[in-house]
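Beneath this line is the structure, given in structure tokens, with notes to follow.
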Amino acid sequence: MFDRFQTDFDLLDQSFDHLFPLFRSITGPGIEASIDYFRQFMPLEVKKIPTGSEVFDWTVPPEWHCKRARLWAPDGTLLCDTEVNNLSVVNYAEPVDGTFSLEELEPHLHSLPDLPDAIPYVTSYYKRTWGFCMSHETRQSLQPGQYRVLIESDFKDGGVPYATCVLPGDSDREIMLTSYLCHPSLANNELSGPLTLLALYRRIKAWPKRRYSYRFVLNPETIGSLCFLYDYHNHLREKLEAGLIVTCIGGGAPGLRYKASRRGNSLFDSLAMRFTNGKEEGPLPFSYMDFTPTGGSDERQYCAPGFNLPMGQVARAAYGFYDGYHNSHDTKDFMGIDNLVESVDALEHFLSLGEIAGNPVNHSPFGEPQLGKRNLYPNMNSEKTRSDSNDALSDGRTSLERLLWVLNMADGQTSLAEIADKCGCSIGELKGIIERLEEEKLISYHQKDPV
Amino acid sequence: MFDRFQTDFDLLDQSFDHLFPLFRSITGPGIEASIDYFRQFMPLEVKKIPTGSEVFDWTVPPEWHCKRARLWAPDGTLLCDTEVNNLSVVNYAEPVDGTFSLEELEPHLHSLPDLPDAIPYVTSYYKRTWGFCMSHETRQSLQPGQYRVLIESDFKDGGVPYATCVLPGDSDREIMLTSYLCHPSLANNELSGPLTLLALYRRIKAWPKRRYSYRFVLNPETIGSLCFLYDYHNHLREKLEAGLIVTCIGGGAPGLRYKASRRGNSLFDSLAMRFTNGKEEGPLPFSYMDFTPTGGSDERQYCAPGFNLPMGQVARAAYGFYDGYHNSHDTKDFMGIDNLVESVDALEHFLSLGEIAGNPVNHSPFGEPQLGKRNLYPNMNSEKTRSDSNDALSDGRTSLERLLWVLNMADGQTSLAEIADKCGCSIGELKGIIERLEEEKLISYHQKDPV
Amino acid sequence: MFDRFQTDFDLLDQSFDHLFPLFRSITGPGIEASIDYFRQFMPLEVKKIPTGSEVFDWTVPPEWHCKRARLWAPDGTLLCDTEVNNLSVVNYAEPVDGTFSLEELEPHLHSLPDLPDAIPYVTSYYKRTWGFCMSHETRQSLQPGQYRVLIESDFKDGGVPYATCVLPGDSDREIMLTSYLCHPSLANNELSGPLTLLALYRRIKAWPKRRYSYRFVLNPETIGSLCFLYDYHNHLREKLEAGLIVTCIGGGAPGLRYKASRRGNSLFDSLAMRFTNGKEEGPLPFSYMDFTPTGGSDERQYCAPGFNLPMGQVARAAYGFYDGYHNSHDTKDFMGIDNLVESVDALEHFLSLGEIAGNPVNHSPFGEPQLGKRNLYPNMNSEKTRSDSNDALSDGRTSLERLLWVLNMADGQTSLAEIADKCGCSIGELKGIIERLEEEKLISYHQKDPV
């Protein structure tokens, strides 16, 4: 199905154009149409948690169906229209059909004095209200008089959807990649995330070997991740090795900002720290930040104390770090399809090192294995062979010494990151040795005792 | 019963005057009368461990009843008389009725050459001997001749008493406050300790809420604490959260010296370190010292390796740090009733933070609780509400961010001290948030699994 | 049996002269005769693991019996002869009887261009080949022509031997001392190791008290230690407290280099670190190095991840750190019998501190024991006795304070090294106190719960 797109750029560019205009919310036709688009490329299973369900401390809200919302000036000018910009109405606004003086209208208007030409994005999912979002320039031009309001919205029983699929690997231990899909017509926050997941799905599907299984998840933010967790938290506690919440992954910053999981020591936390410290190299620079529950996205749910899942979050210019955050300046131009492709490259590289960054297990741990018979050690011991790694390779024993470190430390308790430190090299530089030892069945990954 | 004292100052002042002249030892009428005084105010249960009992490695000694002890000079002058100063005789002196040359008497005399006007305090509980304590000035004036000695003492079967009572709280986990009561006519070491306990009892009894139960213990030093431990060590191992041995808590130093428990990481150890580091503020400065078994008081018993109880010790000028230590210079003036009241204020504040310094437990740990419905989060998400803590409070989200940290870290494994560090504030500054979350039943303390 | 040697010097000197000429390999008559020599002095049990046995990842090789190997120049000069120097043939060379041109011979010759007068030591145990070792001077003088080769060797079924014995102590927990015995006619690497073990056996046998049992092991390097481990690894995992692989322990360096076990925290690791840091003193300086699996001796087997035994290695100028390593310059003169005796002194001292460096257990842990009745505390408490350690010793309480620290920390979880740090003194300085407390049955060692 990916065949019609020659490049990731084409895939992301055309998908963006399809998805951007859809009038999304956390429920309703917009998000469902969006998920359907992704289902063309990924075998997503979609589940809808019914309105009224108790999901942990939350209650699933009714679906919001908003046909159209409009605001007319006293002179009949159309000031706001969701068919022009679907940010124009407060998301989850209740239906209104009436006439209001400017004074009555004022509390229902939202604009950004500091960014006078931008339309803000405002939501009120759990407390009934209504309102319009407009540029501050427009707002300042409003004259006294009677304003006509028509919000054709409706609240229906339905539910909150989420979508997930898995690319299976050698182990049933999972790496999870997730992003949220609920904001209407905002590019960096949020289409950048789901689009990056789509491209990563295509890349990882093409890998010749996957040591882990890869789970992909799309959901509306907060309530959607809670619904997903409601169904999957036991599964994830058992199977999840590490994961990334991907968000704001387009423009605005030259590198990736990795926000650690609450644990602070997950596979990806440690790996991201190595990139930050310059111990590993990749297409984009990394910067590591500690977990905080005071802001952010779905990590506030995944990293709640009752779950404490090893989920990090990765962004470029995150929520709050660019002017266009949650307003109409968050455009395709700002995000940049080329930036997305760059991020996809960097994340694929990160994930490929994540494949081996865990704890290898030596299957011949009782003494040194007899390496000579596998041509992994010089068969003759003489002055001449003391700089050989084996009968064919004379490299000052660099390769042999790394191999001996890997075998000695591969006790299932020690990460390849720690082993690389002992070797004084990067995980990337150990990749060839790891693959050779896997071929010889001298080591493997994921031999964790299930107890 | 406290009613007749308007202030703590009155209570402590009048109690001091009653208790100071009593002729105490580790057993016998003096300590029993002293305990009886405290029983007017606190529902102390008194237990007496019989003479001859094996208490761990020790044997409970006989009671010492000393009616009076006198020493006359050859010219008939009365040199020592316990009715003048009950430090005059070696505590636990055997009965003597005889006449001795100065040369024979010398090995039985105790004085302080460096403090020539002070009468020292000398004991010999476990090895029979006798002697008199006098000022060095007096001693130097002694002339050769025959000295008359009359020590009207007696050893009787009886026992070592201890006294304890509890102020119950929400949890049966205990905070223990203890002091020793055996020294005759010494003020800072020792009446300051029991008197401070008495005032703290009155204060804590008046608290509107006690999260812990508070146990108060009075006993003669060393053997008394061993007798108490003999009966209570299993109970304490199970129930004791933290405790303080209160001693030398009057004059001689501007602040409190906290000596940590052997564990070095008890609730109070960590809290005292925060006061020492300036992370918490209170009426008196704190200084933290590590545990040592080489000196000190009953912590040598509580913190023996077989008990290893979380008992710290708190003092101002501790034993050995002031000239009047164990001699007649240790007076009410030196101790100072006003100093005691200051210490009571500081310790009550310390204990009030101890109430919440432990590990809170989030009762809604699966994701963030829905805070908006409890008016703990802004219900609308817009540019305007991004500096609000809730629909009513706009404080740059300081309060909300602290609340989110508390909820996220309240996993029952993490202390409020650690959480305060994450918030960049003091435990004291989190008190209001803790109380609010307790009201909402979102957190509580002491949910430790009993297994 | 040691009686005929007045001194360790005599014992080691005469034993060296007997053992040096024996034509050793990892199997066969040379090593067996060598072990037989040691059996005169130590009750070694010898076991032979049969040729063809699977030992972990290895297969026990056939025995190599080499009667003699010679190489003649075209003019009939005898160039190499194992009866002149048993390094002359590649160890485990296959039998050859033929004539070769210089060109054909060249790939079978081994010499050291950088050390032109030395004969190298070359082995090829697991890949069949043959060759001669000669000085580079000789090699450079070789002229074209036909060379006669006669290697009278044979491969027979037999096995790999190892030898072990135990000096029993108060506990069945073991200290293990091991060295390898397979190199022919090399002094520092290797006779220094087995000879040092022999002298240590004599010393430790004479100790009045052994808290641990001491196991001694001799084996051919690598395959021999694997054979020993094959039989003993469960035993060692259960009983081994710590051990030393002793090698290259003669000349070339002024002090001892201790290479830590893989654990990095064994009894001996911690003790060696104290010597390195100057916290303990002894006859020779120590330097500590971290474990590495990339080089070394039998620690590569003992410290493989499947065993992870607390085995350190001790050397002076280790393999690779002196010119004579694995060649004919490694002579008795280089090694030095006097150096060996120095090492024996230093190791005996190290082991004697190892006896008490573990975790003492207080048998009267419930409070302070009543020390006064044991004359370990002043029986009278007065100003005068406040610098006495007991009724007989006035030392500013130095001794009493150390004793109180030992008793308080002797919880079976804390090493005497940690206790010494609390006391601000060395383990050596606590020896007398430990012995006194052992006499009083107040402490003992090795009370570890077997579960």
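When the chains are written out, they are named A, B and C in that same order, and each has its own residue count from 1.
Everything below uses one rule, namely that contacts are C-beta pairs under 8 Å (C-beta built on N, C-alpha and C of every residue); 3 or more make two chains touch, one makes a residue touch a chain.
This structure is a prediction, so every number in the text was calculated from the model and none was measured.
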| item | value |
| --- | --- |
| Separation of chain C from chain B in steps, with touching chains one step apart | 1 |
| Degree value of the rotation bringing chain A onto chain B, based on Cα positions, nearest 5 | 120 |
| Proportion of interface numbers common to chain A and chain C (over half same, under half different) | different |
| Where chain A and chain C are represented by their mean Cα positions, the distance between them in whole Å | 56 |
| Touching two or more other chains - residues of chain C | none |
| Interfacial residue positions of chain A with respect to chain B in the complex | 56-59, 90, 110, 112, 120, 122-124, 126-127, 129, 222, 225-226, 229, 233, 262, 292-294, 300-301, 303-308, 326-327 |
| Residues of chain C defined as touching chain B within the complex | 362, 364-370, 372-373, 379-384, 397, 400-401, 404-405, 407-411, 422 |
